[in-house]
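First chain A sits with chain B, and in the next complex the same chain sits with chain C.
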Partner chain A sequence: MKEYCMRSGLEMYNDLISSINSAVTNANASLISPGEEEVGDSSVLVNPESIFEVMSFLKPLYNGLQVISGVDYTEYIEVCYFLAHFDPENPKDVMIKTRLKDRQDPRLNSISSLYLAANWQERECYDMLGVSFNNHPDHRRILCPDDWEGFPLRRDYKVQEVYRGMKVNPENKMNRDDQLFEDNKQKGNEADLIAWALSKGL
Partner chain B sequence: MQDGIVLTKVDELLSWGRKNSLWPMTFGLACCAIEMMATGASKYDLERFGCGAFMATPRRADLMIVAGTVTLKMATRVKILWEQMPEPKYVISMGSCANKGGPYWQHGYHVLKGVDEVVPVDVYVPGCPPRPEALIEGLMVLQKKIANERILHEKWVRNV
Partner chain C sequence: MQTWDMDLEELKEEETSLPGSKLKTELLTVNMGPQHPATHGVLRVEIKTDSEVVAQAIPHIGYLHRCMEKHCEAIDYRGILPFVDRLDYLASMSQELTYSMAVEKMLGTEVPRRATVIRMIISEMQRIASHLMAFGTYALDLGAFSPFLYAFDEREKILTLFEDISGARLLYNYFWIGGVWNDLTDKNVEYIKEFLDNFEPELVKYDRLVSQNRIFQERTMGVGTLSLADAHSFGATGPVLRGSGSAWDLRKVDPYLFYNEVEFDVPVGEGQRGSEIGDCYNRYYVRMLEMVESVKIIRQSLKLLEPGPTLGKVSKVIKIPKGETYTRTECPRGELGIHLVSHGEKTPYRLKVKSPCFTHTSILPHIAPGQMIADFVASIGSIDIVLGEVDR
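Up next is the complex of A and B:
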């Protein structure tokens, strides 16, 4: 355990990155270290085209896939793979990230043939962010209904107005007080604002 | 007492019988369902009000307790289940989510803003989630409503 703690620094990441780069051509693995942009643990950034090859290389080293998550950074969509090795003698984990520049049709190769856990995780990533996975055995939405429009975790997501005849945001059920408050605040009508707040009992 | 005669109206007798034998549907959507289960369990004992027989099919139920967040995906199913229930049927909307969307009222892209968008609701029980006492009070309000109904005067009974 002590040995693991000592090795879990920069040295371990550099070893891992150099071994990925030597095993997989075009992987372009590089280190993302916590700094101004990122906080938390370090992670490894790889080329999206070679994600399957990188994962095939890492499969013997890490026996568990914990999460596939996605983040929309507007310039690119980042997909993160959290790998872990469940071994009491030598526990370790690593975060593999890949960045997809194409927002219209982001594509990755599925790794569900390597890790069975990836099946549903990739479906969720598709459902929420619209990242398509090549060679996925069951490529459809997982949480939203099949006829849902758009991908909810995208930054430019617009909620559809009507779903199967049901209004998503009916006018008569929306709270307009917040908007009124903001409008009055911007106009600077302080007297009106106070009178309005008093009438609401705020 | 044993040989006594009770005089009452048929309407009132039927309403009295119906209000004390409401069969709710086994149907929980979110955390409110836990409170509904607690209400049905021994401590709060919904059976005291004749309402403890949770039916596993809508065709044998006459009360739907919508306990929890109604997502748009579920809303279509809620409507189908409600249509499968035989008349006369009642709906209790339990908790803030079923009443008006709850914490998802503004930015919940996937949540129906109140179950009354798809099915008619008789009693709204506020709370997040409501305590079992609140659900029992909602049930008693519904029982009062049923007791005041004159079911034989309804069109669909009169014309049978």
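Up next is the complex of A and C:
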């Protein structure tokens, strides 16, 4: 379990990477591990075109898909698959990553035929980051309404102004107090801050 | 295999034309929820029924979506703690534990021994409280009202303790990064001991009242069976996975806190009392047995309590170096995972919550077809979801 944590399990990672590379052509699997000043866990980076083949290869080794997470790094969108082997005798898990350069129409092959969990996880990834999945059985949004515009977890996301004739975030319903508090805090104006807090009865 | 992809036209011909009759019947669409007592929150399930049998169930979620992950990108690490509370509001302490462990792992903070033991005691108390809620509401779903009152009576005692140590009854903000906010006093320890002594006979009472109840057994045995292979493929964890017959428990498999220093068993669904492995009864029964184990763990942890500080050294402004982590712990409802990406700033670059309830809700369309509607209610109750965590 600790295997995928950095430094302790690099050997296991190297074995896995070489076996992926020999089993799947064009997988281009490589190791991402924290650098000098960095902390955290290592992961395996693979080519987005061959994600389905890589997952088919990993399915016998890891029987469960825990979660699909995505991060928008502005230059590319990264999709992370967290696989685990739910076997108390032989526990192991791994983080598989892939990077999509195309921000307009990022596409991946769906793995919902391999792991049942992927169905909803991919839907969430589509809903939040706008990554589309080919051959997905039920490609819809999941948390936002079906007719919502934009993908909230993109870094350049702007909330749509009108939704079904309703104004989103109308002036009279915005919370101004937090903003006032932040402004005063940044100015370092403690006297004002205290006066403000007293006026609010805090 | 994939029931949500079922061709309904085909189904209509096969299932609904009565033998020897020219009458044609149609599937009826019924919406269960979003305001329905049996859906445990704002879950809407679109059910296509053939008379009283569920032909297809499509869960619609998102009614409680509060953009938690997006908000976290703009809030500092300490400020996120109350947000994490509000995910699974019936087991807030366990959620805080996962998040603080993720941040501490990235910071390399050492948590004092006493704080770790307190965390263990409190999160096991939380597990009991959460399972009591699951037990009470499950009986309520199946039409028995009094177990709910018994369960709430005991849960109230735990909430009183939590109120005493944290000041709040539901959303605590008690586990801080680096330790816990308040120390447990001797009075609290006495209170916990007294609670445990009274609680064990209560468990026997619940067993006789509900687990051995013939009506309850008839309603849950052989209903909503989830095979082990499917449970793995769905990524199920917690009581749902253990009810399907796997002894997977993160506390045992990858011990965190001091779970390696205490002795406890992992309850597994083995088809007890003539049930079928992986059915509603097993999932329910695993929870009941887990409460017994939690009592054992708390008793042993109380002995580990030594005087000492309860908050480690954490700088006033928390800045995490560049990197990312995936930390998971065993929460009452399954494994909660935190995927934390940091760019060396005061706020996380990305915080993704792997919610066990989200995973478990996705099992519903798989086990629903062919069930009676009343049995479907039993299935929803047995996987024990909290919509705050499903929608985030």
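The definition used in the following text is that the second predicted complex is superposed on the first by the 162 of 202 C-alpha atoms of A that agree within 3 Å, B and C clash if a C-alpha of one lies under 4 Å from a C-alpha of the other, contacts with A are read in each partner's own complex, and residues count from 1 in each chain.
Just so it is clear, a contact is a pair of C-beta atoms (placed from the backbone, for glycine too) under 8 Å apart; a residue touches a chain by one contact, two chains touch by 3 or more.
Keep in mind that this is a model prediction, so the values were computed, not measured.
A.B. asks: Examine A:144 and indicate which partner it touches, taking first as chain B and second as chain C; both and neither are also allowed.
C.D. replies: both
A.B. asks: First (chain B), second (chain C), both or neither: which does A:40 touch?
C.D. replies: second
A.B. asks: Going by the contact rule set out at the top, does A:80 touch chain B (first), chain C (second), both, or neither?
C.D. replies: A:80 sits against chain C, while chain B stays out of touch.
A.B. asks: Go through the superposed model and pick first if A:28 touches only chain B, second if only chain C, both, or neither.
C.D. replies: Neither: A:28 stays clear of chain B and chain C.
A.B. asks: With the two complexes superposed on chain A, say which partner A:175 touches: chain B (first), chain C (second), both, or neither.
C.D. replies: Only chain B; A:175 stays clear of chain C.
A.B. asks: Identify the partner contact of A:152: answer first if only chain B is touched, second if only chain C is, both if each is, neither if none is.
C.D. replies: After superposition on chain A, A:152 lies in contact with both partners, chain B and chain C.
A.B. asks: Under the stated touch criterion, which partner chain does A:116 make contact with: chain B (first), chain C (second), both, or neither?
C.D. replies: second
A.B. asks: Looking at chain A, does chain C or chain B touch more of its residues?
C.D. replies: For chain A, the partner with the higher number of touched residues is C.
A.B. asks: Classify the contacts of A:67 with the two partner chains as first (chain B alone), second (chain C alone), both, or neither.
C.D. replies: Only chain C is touched by A:67; chain B is not.
A.B. asks: Identify the overlap between the chain B-contacting and the chain C-contacting residues of chain A.
C.D. replies: Touching chain B and chain C on chain A: residues 144-145, 152.
A.B. asks: If we count contacts the way the header does, which residues on chain B are in touch with chain A in the complex?
C.D. replies: 72-73, 75-76, 100-101, 105-106, 109-110, 112-114, 117-118
A.B. asks: Going by the contact rule set out above, which residues of chain A touch chain C in the complex?
C.D. replies: Residues in contact with chain C: 1-2, 34-35, 37-41, 43, 63-67, 69-72, 80, 82, 84, 86-88, 91, 95, 112, 115-117, 119-120, 124, 128, 137-138, 142-145, 152-153.
A.B. asks: Can you list the residues on chain A that touch chain B in the complex?
C.D. replies: 144-145, 152, 157, 159, 163-164, 166-170, 173-175
A.B. asks: Under the definition above, what is the set of chain C residues touching chain A in their complex?
C.D. replies: It comes out as residues 1-2, 4-5, 61-62, 65, 67, 69-70, 105-106, 108, 229-230, 232-237, 241, 246-249, 252-254, 266, 320-326, 328, 335, 337, 339, 341-342, 349-350, 352, 354, 358-359, 361-362, 366, 391-392.
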